[in-house]
Every structure is written in C-alpha cells, then in structure tokens.
C-alpha cells in the first residue's frame, strides 16, 4: 500500500532525513487551481482561477478577505484553508481589539507557520493540505507571503502556487524587475497575464472563472469578481503574443 | 547503516540491538542538507552567520530573516528544517520569558542552552513525536554590569550590607550548539549545516581559546570579518547556487550593540563580504600560482 | 455591628443563623480539604501608594510629571520611587495608586517591549505608539476589574500617536478611559487640573502651547500639589516626549516654595480665632 516504510506518518524521518507525509501534503497544493500574487511599492494583488465542480454548482472561493488590510488566496484543500483563515481572522481582530492596530503580515504568517509545524511533529495529526498566498499592507508597507503545508513561510515579490503554476512563475520571473514601480491596474494585468499563461490552449479567462483581490496603501483589501473583472480581461489576449513567446512554446505539462 | 530496513529505524524512541536511535540519526541528515550556520565567540562578543541559499528568484531580497533574537541579548541560528527552527526559537522565547517571570532578570545563556537541550531531548523519547530536524547555535552576552531587578522602582539602601562583592566581574560572551539528540556543548567556534567541515577547519585556525591566546583572542570586529569569510569558504562547494549572507552580533554593554543581539549593520556586513570575496580570490590566485610553478 | 469586611452586606447571624459556607465554590487553596469559610477575595484596597500624576499636551509633544514618593498609608515610606516608566521612544506611562501593581504592569510592559522587538526588528515604523499602549493597558485593567481582581492604579499614557502627533490618555483600575489636552490622576484632578485648564482650555490651545510654557505650568502644578496634598513630596520626575524621543529627569526639586499662604488657612488644627 505504501511506497516505502517511511511515509506512513509525519513523525518518521526517512534515512535521508526527509518527511514524506509532508512532501505528499505539498502535492495536494499542486492539485489545487492556480493562484498568483504580486506586490508593487503601493499595491498588493492576488488573482485566482476558479473551478466549477459541476455544471450546476457555483465556482470555488479562492480569495478570502481576512482583515481590511489584507487577504489570502488558497490552493489545495479549501477546508484546511478555512480552518487557517478563521484562525487568522481571530488573531487579526485580537490585534485590533487589544492594541488598536492592524496585525503585521509577517506576524500573522509566522503564526500559521508555527501552527502548521506542530502538525508535522506530532503523531495523530496530519500536515495541512493547502498552500496560501497572503497579501496586503501594514505599517511596513506592501507584502506578499507564501505559506506551505510544511510550515515554511517566505516573503516574495511575486509568486504563484497550484496546478501548472510553473508557467505563471516563469512569466513573473521574466517581469520581476518591473513590478516594484507598477500602478494598481498595471499590476492587476500582470497578475492576470501570469494566470493566463497557466491555461491550456482551449481555455480562457472569463468573468466567471477569475477572482481578483486588491489592496494597497490607502486602499482596503477587497475581492473583485464578476463583471467588475471584465475591464481587466479586455486586451489580455493581444498581449499574449508578445509576452507569451517563451512561455507558450514550452511544454504546458510542466508543474514540478 | 547496516540496520536500515530491519524495522528498528521506523519509530522514534526505539533502540536498535546495537543501541542506536535511528530516527535521531536521520534527523541529523536533515541538518546536514541545510545551509551552513556558524557562531564565533570573540573576546568582546559573539557573531552568528548564516549561508542562506536563494531557492527562487521570486523571493524578496534581504527579507526572510532567519537568525532570531531571544529576549534581547541572545541570538539563535539554525540549520535544517526551517519550520523546526521556528519551533525551537518560539520555545526559546517562552523559556526566556518564563525565566523572567520567575527571577525578574534575563536568562543566562548557559541556562537557556540547558533548558533547550532538555526540550529537544524530550523529542527523542516518545514514539508520538519526531526529533527536531535542526542543529541550533545559541550565542549571547550575559550582562557584565549590574542588572536591576525587573520592575524595580527605587535604588535601595545607599549604605549598609547589600550582599554584593565589590569588583567581581560577571557575564561575558557565551556560545552553545544544540543537536537533534538534545546534546549540547559550549563552543569557541561552532559550525553546522552542509559546509560545516570546511567551516570547522577555518574556525580551528582562529585565535579563540583564551587559555592559549589570552588577550590575543580575536575581537568582535575581527570575528565579523572572519565569519563572513568562513561562510564564503563553506559556500565554495555549492558555488552554482546564489546565497545571501545573514549576520548578527552581540557585544558587551559597553560595546557597539550595548549588550543587545542585533543584525550587523549593512555597511560593516558589506565590507566584510568584500574582504571575504577578496580573500577567496587571493586563494585561487595562490593555487594557480602553485600550478604554474 | 460586625466590622469584619467579610460580613458586609451579609444577613445578620443573630436573626438568620450563621452563614453556611458549604454553598461556596470549592476553595482555591491547594492543600485544604476543608470547605471554605470565606468567599474568595482579592485586593480591597491599595497598600503602598503613589499620589497624583500630571500631564499636559503642547504643540509637538507631551509633558508628564509625578513625585518620587511611595506612601504606606500616611507614612512617607519610600522617597526614591520612579513612577514615570518610559516604554519606548514614542511613549511613557505615569502611575498613581498601588506601587506593587505598578511594578507588575511595568514587567508586563517590559515583556511587551521584548516581544515587539521580535516582530519589528527595531524598525521605527513598527514601534508601538502611545495610542496602542494605552489601548493595551486599558484592556489589561478592564480585564482585571471584570475578574473582581483589580490592578489598583490610575495611570496616564503620554507620547505620540500613529501620526507622530501628541497623545495623552487616562486609564484606571475600573477600566475607565478618557482623553483631554491636560490630565491628572488622584488629588491632581482636583488641585492641578483647574490650573492646567486655564493654560490649555481645549485642543486648539494645546496645539499652540510651547514646550517651555507646558513645563512651566506642570512645575507650578507640582508645587501646588506639594502645598495641599499631604501624600506628596518635593522631589519629582518630569518627562517630555516629542519626536526626539523621551527626555526623562528623575531628580527635580521644587523651586521657590512659599508657605506664606499657610497661616491664612482656616478650619484645621488648633486655631483659636
């Protein structure tokens, strides 16, 4: 049943010092639909590709506002994300109640990181099966953090996680230098183009399957969906030829 | 590892017939893959340095700090599983804070090392947990000046006995390294992670032992430069990967950090890195020179 | 009448029979198997106390002062007690009331400073400001009063807010809070506040006040308090908080005292006329 003897639980090291259960949990993140995040000096943007489980069902919720200054995008087990996001909401409110100040993004991220670590060191628990991008603003400026099931958290300039996210990361790496000075709408378009690069040839970004989260200096974090997204989708295809030269040509199966 | 696959290595806290706890040994493997971390105990302070491999271009440069402060006078750097390192730090901070609530004074470095050694060891005792996949280096400065009791409001009697011996020198720099087994020793120079062998070889060349070098033990500023150089030397084996050098220090109350554990100022770090690169180039030239001869 | 505080508000034994303590919740004393004879009680009154704290906003900061006395009842017990506790470069707290509770809060603040350093890494943008500190302290005080176990203090938090503008607010053992351009705790609220209000009747006046004027007013008020508050002394601490940080001096002495008014006072002591 198991690939080897060392992958039954998260309290067993393999002879190489790896913890397979944690590595498998990271795979669950790659099963989730892709989410992209970018920060500029003034804004933080999240975008996500929403899946529809069935013809008659609603689309997924991929971006959750947590506090007025930040939100998150998830890839992987949505129910695990709910547990984490409830915790984050509580901690964020506690900061506002006790100190009358918004919680630092680095602070809230390391708190869920610490929680996730516990799940990898104790028998009877399992690692969280979800990856998160946490984006917004605080006293130190705009931020984007990545959270992984292992409990690893990293501050990023731009990032993408989830299925076929390698294509998006390739796009982001190519435009990395330009993000810092981007305005709000330009940053959103970058994020959407990165998102678009993860799609197969026969799929398109639509007002139904795209979710946006935007926050910034002097702008509360807000989820933008439906027709409000439409203006940003216009003109994305035209740019594809220009920006997709390298990305489009490479194998679309890459998702390592 | 002849006993791999015999079943004695599948659960923590189980001895193999030859008396080994394999899960602890495997945890050490996790450490051996981590970026190199070192600590140097100098005459007038402690330096901690870390080779932080850049795993993605998308990471924010100079963010993601990994050397942490515990209380205000202690630094912790570790190599191995990052989240385990954060767990260790979080516990160390709790220990320091609980020490303060009991004794109304900062925890001595030796006591923190002792308590953390005990904590890490406890994670080798039960099958319900796994050992820490990190080796941590703990360095700090125990105040050499008289520390007032936390919350003290006055200065106490100006005359009469106070139980104090005048002229006694206390405190100083301390450095410890704690392994996944819970084992810990005090060090003059400590190294862990991937490049530990090269780093140890370099550390052994430094004048660090006050018993043999007396007043000749290297100063904190020299320590900073040596630490940067040693990290660069240790990085030689994984030259193809980019890395960031993270470096912190803690000095005497009378020194540059005023007894606090802080990041080494940018200017000083960059100067140390410049010298480190130059020293490496120098070595290369020497080798080339020898070849020509 | 039975003067034992425990008997206050109780039905009289001679009419209703003695109180049956077995209805009380189990005692919290660890090694006792006896039913409790008293309900659990906490602090009913302070023990070693500090008197008034005064503070005044001026154009770019706050001046705050408190004397260096800790009284044991009416005994002037400790004369070098520092009741102004700097928090960081943005904020300072002045404590009135119980000194041991002040020390407890001071240690809370110290652990808060240590924690803040973990998160902020010493960057000034992330430093807690005076408003954050006041909110925190008021929650601590309110929690304790709600537990019926109050921290017996009245305190002033002075410093700068998130916009680096002057901030001054009050909090006390009941969890009460308020803010004004001039504030005083204890006797100061009766004796010094009217003088300070003459100088800064409103925020607009405070915004125009110079630091020197503010310090002068506070020093004058400390003198009036020493004249009329029997739990005060003539040595005091005074701090100014502005964008340059906290400037605290803990060994100020009252200057130019004049007791000429003393023999005009009537209604006390052994006057014959």
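Think of it as A, B and C in the order they're written, each chain with its own count starting at 1.
Convention: a residue touches a chain if its C-beta (ideal position, glycine included) is under 8 Å from a C-beta of that chain, and two chains touch if they have at least 3 such contacts.
Per UniProt, the chains are A, B = Proteasome subunit alpha type; C = Proteasome subunit beta.
Because the structure is predicted, anything quoted here is derived from the model rather than measured.
When you take the mean of every protein CA atom shown, which chain's own CA mean is nearest to it?
B
Find the chain most remote from chain A (Proteasome subunit alpha type), comparing centres computed as mean CA coordinates.
When every chain centre is compared against chain A (Proteasome subunit alpha type), the largest gap points to C.
What's the distance between the Cα centroids of chain A (Proteasome subunit alpha type) and chain B (Proteasome subunit alpha type), rounded to whole Å?
33
Counting only Cα atoms for the centres, state how far chain B (Proteasome subunit alpha type) is from chain C (Proteasome subunit beta) in Å.
Computed from C-alpha means, the inter-chain centre distance equals 43 Å.
As a quick test, compute the distance in whole Å between the mean CA positions of chain A (Proteasome subunit alpha type) and chain C (Proteasome subunit beta).
48
Can you check the complex and tell me which residues of chain B (Proteasome subunit alpha type) touch chain C (Proteasome subunit beta)?
Going by the criterion above, the answer is residues 65, 68-69, 71-72, 93, 96-97, 100-101, 104, 150-155, 262-263.
Touching chain B (Proteasome subunit alpha type) in the complex: which residues of chain C (Proteasome subunit beta)?
The touching residues are 70, 78, 80-83, 99, 102-104, 106-107, 110-111, 114, 117-118, 121-122.
With touch defined as at the start, can you tell me which chain A (Proteasome subunit alpha type) residues reach chain B (Proteasome subunit alpha type) in the complex?
It is residues 5-6, 10-19, 110, 113-114, 116-118, 120-124, 144, 150-152, 154-159, 169, 172-173, 176 of chain A (Proteasome subunit alpha type) that touch chain B (Proteasome subunit alpha type).
Contact residues on chain B (Proteasome subunit alpha type) for chain A (Proteasome subunit alpha type) in the complex?
1, 4-5, 7, 9-12, 22-23, 26-33, 56-60, 63-64, 81-84, 86-87, 90, 123, 127-131, 133
Enumerate the contact residues on chain C (Proteasome subunit beta) facing chain A (Proteasome subunit alpha type) in the complex.
119-120, 123, 125-126, 128, 131-132, 135-136, 139, 162
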